[in-house]
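Labels run A, B, C, D, E and F following the written order; every chain starts at residue 1.
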Amino acid sequence: MPNNAATRAERFASGMAALDSIHDDAGHGVIESLADIAPELGHQIVAWGYGDILSRPGLEPQQRQLVTLGILTGMGGSDAQLEVHIGASLNVGLTPQQIIEVFLQSAVYCGFPRALNAVAAARKVFAERGLLPLD
Amino acid sequence: MPNNAATRAERFASGMAALDSIHDDAGHGVIESLADIAPELGHQIVAWGYGDILSRPGLEPQQRQLVTLGILTGMGGSDAQLEVHIGASLNVGLTPQQIIEVFLQSAVYCGFPRALNAVAAARKVFAERGLLPLD
Amino acid sequence: MPNNAATRAERFASGMAALDSIHDDAGHGVIESLADIAPELGHQIVAWGYGDILSRPGLEPQQRQLVTLGILTGMGGSDAQLEVHIGASLNVGLTPQQIIEVFLQSAVYCGFPRALNAVAAARKVFAERGLLPLD
Amino acid sequence: MPNNAATRAERFASGMAALDSIHDDAGHGVIESLADIAPELGHQIVAWGYGDILSRPGLEPQQRQLVTLGILTGMGGSDAQLEVHIGASLNVGLTPQQIIEVFLQSAVYCGFPRALNAVAAARKVFAERGLLPLD
Amino acid sequence: MPNNAATRAERFASGMAALDSIHDDAGHGVIESLADIAPELGHQIVAWGYGDILSRPGLEPQQRQLVTLGILTGMGGSDAQLEVHIGASLNVGLTPQQIIEVFLQSAVYCGFPRALNAVAAARKVFAERGLLPLD
Amino acid sequence: MPNNAATRAERFASGMAALDSIHDDAGHGVIESLADIAPELGHQIVAWGYGDILSRPGLEPQQRQLVTLGILTGMGGSDAQLEVHIGASLNVGLTPQQIIEVFLQSAVYCGFPRALNAVAAARKVFAERGLLPLD
């Protein structure tokens, strides 16, 4: 763990680099949309979420996305965040088929309704990217 | 997708082979404990969960365990199942450090209480296997 | 809907009669255990929950217990309440086999971990009543 | 439990007969909508959910729908699935008044917000069928 | 606790006075919208929720709204109710900045997705009241 | 927002001062218990949770605890964390009666089972401090 001092701006910049590495416009849009109402929330998502936690070396980007898809599917009520992270999962190299396999697997642990909601989120993302129909 | 006929017993045997490949006594104990009260539930976990879904080729065992750890942490109230799947995660080659990293990451998406409960489950499993303290 | 006036004590008495009709010691123990810390919560469970809502004529007692078992299984983190309501389900004439069938069905909608937790609660209740092993 | 062999197609056909017996277009639409993105999920909902589990003899169709309405209300975040199962509940003979009574009861166990979301789903289904206002 | 008799209509009137004291059109609209489908649910929200519980003297209105915002954010899947209670929170004197601070705090305990959903609900309410951008 | 540079150790120290201000042994025990298995999680709870978020000036300590009690009750499956935060709520000056009032209120929004679990957590904390029976 590095212990050199970092300013608030430096921590944000570090997190934004991590965010840039996996997200496209959808991910950045979340942060920008907070500017007029909850900018500190946006700052913390970037500086802490992406900078301090998600950029740690212990797991590969694809592994982290599998965990995130699992959490969001399991907790429910997170359809908007699922869309963003389905896009990020594609960005780090998971295939559409692997993402759907995650949701099929989720039916075993949290039931068909959560799986169906997650597939509905995937449909939006895959359609925007011209990936449908899947083979 | 194969379309050859399978009996109920054949489907169960196929699922049990899949279960055997990732679980030790803890996983088998769940199924056995259902024998006197809900044997059909045990059958379906094995024949459907492990046989039909979790043994599909689309994701590697380590990938599936990352998804499962994510789901169970995110949905909460699944501490007993987390223990079984933390053990399975070790069995398929995830390191204790990677498992803890999953739970640290989960704090970003479902908060510290869920992460703390998951680490408490990991403590039980790691202690039983003599893995504590982690480096 | 009757509109005759009722006192607080009369509403409580009405609810307690409804509670008596489906619960044994386990259900009454919940209310009594609140006496030294949250007696108003106990009062409201009885007067409102049992008196105003659960004693309404629209559903039969067995139907209401099926709904309650479904809710408690689906929401998770309600193992103590599941135990009380598994007992009540037996009291109103649902068989142990039907109760287990509810939990098997729940796997379709909220996954195996919730089903397993519910069966673990059923095991405690069925064992206390000498109902195990089930045929 | 029968142990005669069944092919994948036979298991699907058996489940589809069970699905046909309780669902109309809304239920079938869920399966069809998965064809271009997650056909295996659709297959498993039918072959396993309806074929292996929901067509078991231990509970009557009305009883199963009461359980399902309870689970979906309790777990939250399942509004689309609630709509489908409110329709199915009507199809198997539950009255609109009984369905609303389920959601009123749910307030006792999972609070008014979940009850309100469930009634909002019922409104859509009842309106489509010309059942509003309820007496 | 008063033990004088009250009719159903008196209890409803008492609750409506409590509801009036914190809610504007959004809160009243919820009750009115139930008239043709679940009037008893509307009655109970008012007579029991507002009359019996929320008008108790133990907590100030601002304190109660902080609790309610916490519950709704934590349980998820309650966006419509969050909107109503964000409005009520403003009505009882919490500032927009305090409300956003609640949701930032919620990230610690239930993660960023729940916090983001809550801020999205706040955006709707704040925009309707011309409160954006926040300073 | 200060933008002066801080080291990892300085951020931890700042958070620990915030944690010290509301928690006694129970809160510190959580962090210490992570030392041999997930020290980074303990660091982040302190440095980020307490240092960056919970010590912000927008809400008073009593207000923050009301929010936290609400979140933990609403999300369920967080009994251990509820115990710690019930203790902290007492430490910042909320009375036992106010804390119980929070849980009674929670029944309106997330149902009696969550309220009962929260009161069970309160019982442990209140008993340890010799506060039972409540007046």
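Note that in this section a contact is a pair of C-beta atoms (placed from the backbone, for glycine too) under 8 Å apart; a residue touches a chain by one contact, two chains touch by 3 or more.
As the structure is a prediction and not an experimental result, all values here were calculated from the model.
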| item | value |
| --- | --- |
| Shared chain contacts [chain B and chain C, defined touch] | A, D, E, F |
| Between D-E and A-C, the pair joined by more C-beta contacts | D-E |
| Chain B onto chain D, rotation angle from CA fit, given as a multiple of 5 degrees | 180 |
| Pair in A-F, B-D or B-F that repeats B-C, with over half of contact pairs matching by residue number | B-F |
| Geometric centre distance via CA averages, chain B-chain A, whole Å | 23 |
| Centre-of-Cα separation between chain E and chain C, whole angstrom | 28 |
| For chain A paired with chain D, centre-to-centre distance based on mean C-alpha positions, whole Å | 31 |
| Where chain D and chain F are represented by their mean Cα positions, the distance between them in whole Å | 40 |
| Chain F: positions in contact with at least two other chains | 40, 44, 48-49, 53, 56, 72, 75-78, 81, 104, 106-114 |
| Of all residues in chain A, those that touch chain F in their complex | 1-10, 40, 44, 48, 52-53, 56 |
| Chain F-touching residues of chain D, taken from the complex the two chains share | 106-114 |
| Of all residues in chain B, those that touch chain C in their complex | 30, 34-38, 40-41, 44-45, 49, 72, 75-78, 80-81 |
| Contact footprint of chain D on chain C as seen in their complex | 48-49, 53-54, 56, 58-59, 62-64, 66-76, 81, 97-98, 101-102, 104-110 |
| Touch list for chain C against partner chain B, complex | 76-77, 100, 103-104, 107, 111-117, 119-120, 122-123, 126, 132-134 |
